[in-house]
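For reference, chains read A, B, C and D in written order, and residue numbers begin at 1 within each chain.
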Amino acid sequence: MSTIIDQLTDLFAKLPGIGPRQARRFVYYLLKERGGVGARMSHLISQLKSEVSQCKECYRFHVDKSCRICVDPNRSQTSLMVVLNDADLESIERAHVHDGQVFVLGGYVSLLEDEKTGKPKYARLTELTARIGKMHQLTEIILAFAANQDGDHTAYYLRDYLMQPGLTITTLGRGLSTGSELEYADADTIKSALLGRH
Amino acid sequence: MSTIIDQLTDLFAKLPGIGPRQARRFVYYLLKERGGVGARMSHLISQLKSEVSQCKECYRFHVDKSCRICVDPNRSQTSLMVVLNDADLESIERAHVHDGQVFVLGGYVSLLEDEKTGKPKYARLTELTARIGKMHQLTEIILAFAANQDGDHTAYYLRDYLMQPGLTITTLGRGLSTGSELEYADADTIKSALLGRH
Amino acid sequence: MSTIIDQLTDLFAKLPGIGPRQARRFVYYLLKERGGVGARMSHLISQLKSEVSQCKECYRFHVDKSCRICVDPNRSQTSLMVVLNDADLESIERAHVHDGQVFVLGGYVSLLEDEKTGKPKYARLTELTARIGKMHQLTEIILAFAANQDGDHTAYYLRDYLMQPGLTITTLGRGLSTGSELEYADADTIKSALLGRH
Amino acid sequence: MSTIIDQLTDLFAKLPGIGPRQARRFVYYLLKERGGVGARMSHLISQLKSEVSQCKECYRFHVDKSCRICVDPNRSQTSLMVVLNDADLESIERAHVHDGQVFVLGGYVSLLEDEKTGKPKYARLTELTARIGKMHQLTEIILAFAANQDGDHTAYYLRDYLMQPGLTITTLGRGLSTGSELEYADADTIKSALLGRH
């Protein structure tokens, strides 16, 4: 029978990026600390799901009565940016560059699952279609995905899946990201950077 | 007023080695997971301190009725190994090399605090003295500390503090640790390795 | 008096990215090898500057009678790409994306030296002006510099310095480079990626 | 036909730890530099083997008329330290801990080659035996090898190979090397550190 120390170590090791050794250090930290961190952490975790709502329009998590982004009358109704998850959305909001609507897809359409099942598992495709159906002024969907294989495949899949007359579907521009040097840039990045010169 | 997402992010960021970004990813993981990880984590954290005892003899944390190490009649009463914390103790127990008694010091005697206050803040010196006073067959205290400045200073401090007739105080041997190459070894390590040749 | 081993170590330590320790290992490698590497290396280094020419038009190094790029009749005379050095130029040639003329600037115009002296030290500005003066069909200068402070400042400086009627001066597009994830992208990169969407 | 730039890149890529990309940067550095680095480097490389001797006693490389270590009358004749190569020997000399004789083995006896051929390929075993035969006051051979598999196997092999009455054969002590923490130490290192306590 495993001890509470082992059980809690196993749970902490499920957190993203945490191995068994660091998980065990979390347990010892909580055993030793005298400032009430554990008590507050336990309480907040237990309240988390009930205090945080998932917006029925954009599927981002929020703590307000209604989703701050979706109810904002100053945000344009003509564009919809589709992102993978809340962390990516926060990154984009911090950049203050998009003032249209947003949608959290929840998962990429991976090349593998696409081929195997013909049906993406985590991507909210039905919900996305429904959302688009309600946006009568929509003229552009921006697919804001990572510049890697899963992001590219999802964009490729959605361009086809979402295509309809009167709607422009775009993906983010590629090029040199801040700090890049040309000597170490791959051919695709150089090509994009040259095409996107201004 | 900060949200529960921000508050929980701040708490997770107190865990050893965790920055605000990874802490935030923990929160999103808990919001998204459907397997009851959060519920169990909250429960186990709330029970942790009440289910785990700190041994009154060696100060290690344990979940059994009494400390497995301190009540073991097969372990020798002639030697006492002093370690910094439970993680170091686990590492030593896994190596199956010490069959005497143990004591968890709880903190190093840092050179700085020693000079400033003359009184170590986290090291359980009073408790260690009491423990030694009860060990009538004790002949050797092994100071098993890290091979760095704090570990060295604590050993230096304790050699003086604990010295008494009939008692040998030792520190761990230095030398090449597994995988070390001579070209990159520092002079102290080479010196120790040569002195400790066999 | 330093030995030949020390002297050669010091010279190898001048190579880009090489510290004294690795430089010393180069010397021992040459002392030990039996395959004639040292003899060939010594010979080739001694011949290097005489066998390699620097093109009087684009200032790239080349071993052919005349510069393969500058004499190529299939390359367009309407665009000129300015790069920092030969390594960057090779990276761009490998990508097969630019079929116009090229110019190796030789050094960035750093913000600091610009302010101090008002006169860039390593950038071949006079030579660049002369080259542009001879390109009668030229319509676009592409400044292909790294996405960092020196690259940006050099582009800023040259846009002003080279400006003339009928000439477009462009810089490489910024955006997500291959492999980038949105969560970790900086605001500038996100902004560029969104502006450059397509 | 490859160019001198490609040929020299290939040669530089043979240097320990250097890949083709960094090798190419060395070539460009030499093409660009104006301080005579290339000329001196070429000259010193060409002179290296003729100006550096390998001691017929200890097989270290040296530039003096005779080997500074072997002719030193103050160094003891009772102990002989066997090391892998000149870099390891320099590291030990810098630590000023060994005042006996030395011998550079030149290569480890790898487990694999030992099993396959029964005959080490790079280790100077015949030369080592000859050297030992001439040291009439010798009482200890110190095998100063890396704390890894090849170092261990070579020590295991030599203990047997060199064994003779009146001769002690030792290996370097293992333990915590400078900076090591107990939590991350492997069981072997902990065991050695405890056995070597003092």
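Simple rule for what comes next: contacts are C-beta pairs under 8 Å (C-beta built on N, C-alpha and C of every residue); 3 or more make two chains touch, one makes a residue touch a chain.
The shown structure was predicted, so the numbers you read here are calculated from the model rather than taken from an experiment.
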**Report entry** Chain pair with more C-beta contacts, C-D versus A-C
**Finding:** A-C
**Report entry** Label of the chain whose CA centroid is most distant from the centroid of subunit C
**Finding:** B
**Report entry** Inter-centroid spacing, subunit C versus subunit B (mean Cα positions, whole Å)
**Finding:** 53
Report summary line: Per the C-alpha centroid definition, the whole-Å distance linking subunit A and subunit C comes out as 38
Query raised in the report: So what's the Cα centroid distance for subunit C and subunit D, whole Å?
Result: 39
**Report entry** Multi-partner residues of subunit B (each touching 2 or more other chains)
**Finding:** 85, 87, 90
Report task. Quick one: which bits of subunit D touch subunit B in the complex? Just the residue numbers, please. Result -> 83-84, 87-88, 90-92, 94-98, 142, 144-148, 170-198
Query - subunit C-touching residues of subunit D, taken from the complex the two chains share - result: 3-5, 7-8, 11-12, 14-17, 22, 24-31, 33, 37-49, 51-52, 61, 63, 85-87, 90
